[in-house]
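Below, chain A partners chain B and then partners chain C, in two separate complexes.
Entry: the complex of A and B
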């Protein structure tokens, strides 16, 4: 914690350049893929070593040429969920997309925003609405936060999830206004009840009718509202602009992204975050914020290394990525739900609490059980992950003992396997180790 | 691969020697066998499976079409060609001569498995065995291992083993193969000692054998008294007590298995049809007991013939007295009482306070029929993304004059409730219409397409256009008006013919393979995507998997099943007709 408090912001946010003191290593490449993607396979790690941090991050940030085609294909798959009430199939498709996408950073940030704009299909009860909601998030996950907020407050799934399908001038819906201010933008404690009531008036006239957003002008309160020292006949767009003018909004979002990409264990100092917050507040460009964080000295420093607990999605997909397989994502989604991360069903309007809430005695055992299920040759995952095939593919080029190969692949650190352990047992030990549970 | 093929093909031994007249195979099977499969006339099955039409059908299988790219298949083919050359005969002739005398496979307690094969040509058997012996020894030699083949004498017979685990022997033209040496010893003891009793002399086996028609090409005997002690099977048999729907549909079947001590299944091969006739010694079912609602009481009672409609995929016909079934609910499902009371109260709303048992179910005759059929979609409206077959329920009423209007009112209330609930969720509701079909006015409901985007497939709800029709004394509830119209025609034909029930059969089922194939084809896209996320397959793997499923379904022309009580035995008959053209 002390380290975070005393860091020099100029050094912290300057791009990392490999040096003798801070060389570009397998460990740093693995760290990058754990945070900016869902883990890496051996080829990706080796390529990263060859390309160096700048080119590797370029590859993660720049949407590849085939991304649009990939997303079109997967949007089409998503549509196959039809008008079902359950989002089970949709979550299976999302997990598959996370595994196969040529731009994993985009999905990583989509997962981040899913917890930020937390909407549960337990309330929405429509796979079609949840599909639209996720598509909307994905479209701006690395785009403009301003646009994302503006679009989200008109999204049918979000409005149903917030119990805000009706906003009449005779009874402004404060639920959406409160969540918008306290969770989506400023953060808790930055606005008074009076601010929330005034903001709610600006959202009157917004309805969801037959699954679509509808603005009914006669239900809109076009009178003057007073908000953060400004007065006028504000609309919802105006309110969002005013909220984004408040320094607290940029601070709130930058802190959240910092915890997601860099460090959730120690809160950063205000002075450390000030340059990022100022830059982000200019235009709310997510891509630039993420890029600055990923390229930074701080990101590749010891202060951020393994300073996050993997969420269940990261934990499971890390194994699948490393072993270059594809498993039943229908089954995986169910198992992840048992681990506490039921996609499309965040537990509260504030999303998943994350951090140490992911880990307790029960979930640790469940994580180990999931690892066992994924790695065993039969059972619900039908032996789709073949550790021996990966060994055959790479171990001879890696020129190292089998267990050490997997330690390098998944942990990027040395390990001493117990004598006489089988490959499967060594691998199981690795993926159930405390280190593998950390991002 | 070659070696495995050879081992599977058979394991043969010893000199041809003097021809011994051998006892029936089952006499050498221990009398505690829990399962015994006999093929007394394997040639009938071999001829069917190796016929030109079967081979032609095989060529349609996608996996077979890509066989030449599969190295394992090439290896297998090399092995077959080698054997044909060594035995100086074709593989088809070799199989016929090596197995033509009959095959028996038995499973005994302690995981013992015994296989006996009687060859028609003992010399061929010996030659094959010698080839296998040589190959196993050569392979061991090539790998630097010592000779793995072991042999020992027991009761005057040489027993062999290739790996120390399996054991086999040849006596005359008979090959005996066991998964463990002790199983082979048991067989040899049964052969040598007069005091030992084989399965052939066992009372239950003999009763089962008698129940099987003499012209059967094969027979399966199962010791149900023992098998029912397997926890999974015992749990499955208890399902009927926990689930009222399972209790209704599988009544008579579950009770028969619970009551039986043995089951026999006779296999009959007729040109392009395989028929399985099963018998169980459970005729002591109490017609007056709780499960009696599924047992035809008089000789001419039973399930009505299945109804035939255009595009019919499956049809089911049950003899079930709903009045007696629901009346016995407390005995049948004691743990479901509160749920059933809630259900009964709900039904009271639909039926305007009438008592479900005495005033509703008592109005129906003891017949339940279901029909599943392909849908015809109106091209002007479009086609849903996922095509769900239409399904219908057909009952007959005791007094249609008074009950028709009660059923109609209940149905309209149900549609109203659906509309109200959907309206609460902002979803479009059903519009009720009353068209006339062949002089029958019926009621249907449909979703409007006015607000649907014409450029995309219709939402799944457009698979449903519920209908109720009450022609003659029939009550038809259908998921689509199209099927309702077809069923009106079907029951009108039936009413004109004074149809007779199937004598003492309480369950009849039919499946049309071609219609099933058609509905699978219509939903290929949905099945492929489902397979991708459920199995973790690539799109190509998923397509191959679904293609294989469709090809296999295509090979089925029809499946017919009947279950009932005949000559104091429970009888089930399954006829599987192939479409190999």
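Entry: the complex of A and C
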């Protein structure tokens, strides 16, 4: 979008304050919950209208409920899947966690990093390793990117997934070093083959043995390495620090988070991103970056409105959240896989490409059929979502025609239903509309 | 076609201005053709049939006159009188009557001696090579790359489809594209019609108009598949899973929804049914019978429907088997094997020499035709899709098609 080329960064990243020109509307509250969570129910939207943006975002960043206790419970559920080869049960538990967590933003960012550090159980073939991997991601999803990278390069699932469980002095694993540099940190084209070879030497001695990370000193190359103008007997930690000193790393990550939370339709200008990149590069604090983005004028502007395509998870959970039900997430995980988002199985080391890639003629048929299955009173989801109950709960207080209530709940826009149309038909049309496919 | 029973009103963040929006005739929809050409320059279709487990080529196309064959296979050699003669040297397995008929009609060709350099004896590795179209590690399969290639041209159609209930094979792994499983037509039919309303303005929001246009096209796709699925095939298909999958493929071809490549298979998950290390005869008979009868019914159906000239069927297996049987009435993992082509535009006959039964590698036949030459032929000559863009290298094509 052209307007972004000329946006004033100072205005863009200043916190949004409602004004007569830019009032706090249902549409803005819906937008916030689509981006910072997996959609909202009517109560949340109404509360957001009362509380205003600042307090609503406070709640999304720091939920009042006991998040630690919730996550402990769900970590136990995850552990119950044991040592199976399949991660199908883990998929189901994760979707349930996304739906019920007091902090959906944390799961949203966990999903983001899952695609960034894209490890597939198709290669790892161990629910136990995938569980640890995701737990590690979750622990830093809104924490320190620096710590996250350090932890990930020692994570057994990641090392198995990248075929890097034996980093011998005689055979440094260049593909691990290449992925670390080109995908995890600096981005494509920012390093030479020479940089990659030097970095790979620092990772020698790193092994996975009996399911655990193990550093074997005698397999470590402790000689001098040259990397980005620095020379020394660098360890893997040193290399990561050097990579994070490169401006390209902060730029890469900030751009990627921007596409995830604000706008994936058009890349932002460097000048627009400069203040965020500078700030992020100081300490790689994710929660400050995400908070700045979510509170910003830019986030709540037209320039970002519906400028993302919902991933299948967002598409499906948006319906479930809005209708305040709980469906079989085992079934849902399978249906989401058919839509191209098989959790714990990103297609390649590059993760899910997102954006337009989610949309083709087949996926739209399948999205609509999933919507139908979720909404109908019987079948694989057993009628767990009850639109009429939600209508009874709220519509009289909302004082709108039935179809408009659902348009406000899911799209936050006005709608004229065809005369005599059933509420089921209206709702189906809403959730299969082009607008509902956008975030 | 009436598309709009209702209209969504344009909204902005600031207002929800009420304005009247009359349902419009979606002529833009009529213009956007569904059977758009995803990347090639014709409307031909490729059907890949994977024979999972490593098919014993020597007991499929049998060199019955070669004494080495009989001597190497004391229990597995097939009685000459039961074979379906191809030439004075070669014959089809006794249970392949349908293939023999297709061959005589010019609807079947046999590419002999096809294999992979650095042929692996490990199922997973060998299959991975065939799926990657490479012996070096790659993150994507070649059909995935074909679909990615179409995506790069900003096409939202479905160039590749999986028509089988098996675990999703690596060959479909793509960087960008999402390749659907359509093992029954209803999987790709809208349970309830969608209504995406009046045309959204691409200037205002490119994503919105992309989703809307694709959604409109998906509705046409669904309608066409639904209609094609209703038509009873004049020719009966056997009840084998492969035959049922091929019947689905015939319906999808008839629906004309732009799928260029269909992937299906025989042999199932795990190591695959063709992996016969012991007591091979019975199991192999059954599988070859299923293959032959299923493809036979498919070709007959396509011919009746006037679609055969658009279709090329290609079989492949991760490897052939050892020349010697192994003392357990079975065979070990081998190397080269024949690839079958079926369709309406074949040169016909035997293509390439049968590999020698005495000049072997690890007791297995040597290949003279790289498997990627066959892929390149399917891509360049048949589909009109640049093979180098998909395979990453240029391979000589095989002269086997009448196009």
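Just so we're on the same page, the second predicted complex is superposed on the first by the 436 of 439 C-alpha atoms of A that agree within 3 Å, B and C clash if a C-alpha of one lies under 4 Å from a C-alpha of the other, contacts with A are read in each partner's own complex, and residues count from 1 in each chain.
We adopt the following convention: contacts are C-beta pairs under 8 Å (C-beta built on N, C-alpha and C of every residue); 3 or more make two chains touch, one makes a residue touch a chain.
Worth saying up front: this structure is predicted, and the values here are computed from it rather than measured.
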item	value
A:265 touches, of chain B and chain C: first, second, both or neither?	second
Which of chain B and chain C A:325 touches, first, second, both or neither	first
First (chain B), second (chain C), both or neither touched by A:150	neither
Chain B versus chain C as contact partner of A:211, first or second or both or neither	first
Partner chain in contact with A:77 - chain B first, chain C second, else both or neither	first
Partner chain(s) touched by A:416 [first = chain B, second = chain C, both, neither]	second
Contact breadth on chain A, by residue count: chain C or chain B	C
Which of chain B and chain C A:279 touches, first, second, both or neither	neither
Partner chain(s) touched by A:287 [first = chain B, second = chain C, both, neither]	neither
Residues of chain A that lie at the interface with chain B and also at the interface with chain C	none
Touching residues (chain side chain A, partner chain C) in the complex	21-23, 25, 27-28, 31, 163, 265, 300-302, 305-309, 338-340, 347-350, 353, 356-366, 368-369, 372-373, 407, 411-418, 421, 426, 428-429, 432-435, 437-438
Contact footprint of chain A on chain B as seen in their complex	385-386, 425-428, 451, 459-461, 525-526, 529-530, 532-538
Interface residues, chain A side, partner chain B - complex	77, 79-80, 82-84, 89, 92-93, 96, 125, 165, 208-211, 325-331, 381-382, 384
Interfacial residue positions of chain C with respect to chain A in the complex	5-9, 11-14, 16, 18, 21, 34, 137, 139-140, 151, 154, 156-158, 161, 173-178, 180-182, 187-192, 194-197, 200, 205-212, 214-215, 217-218, 221-222, 257-258
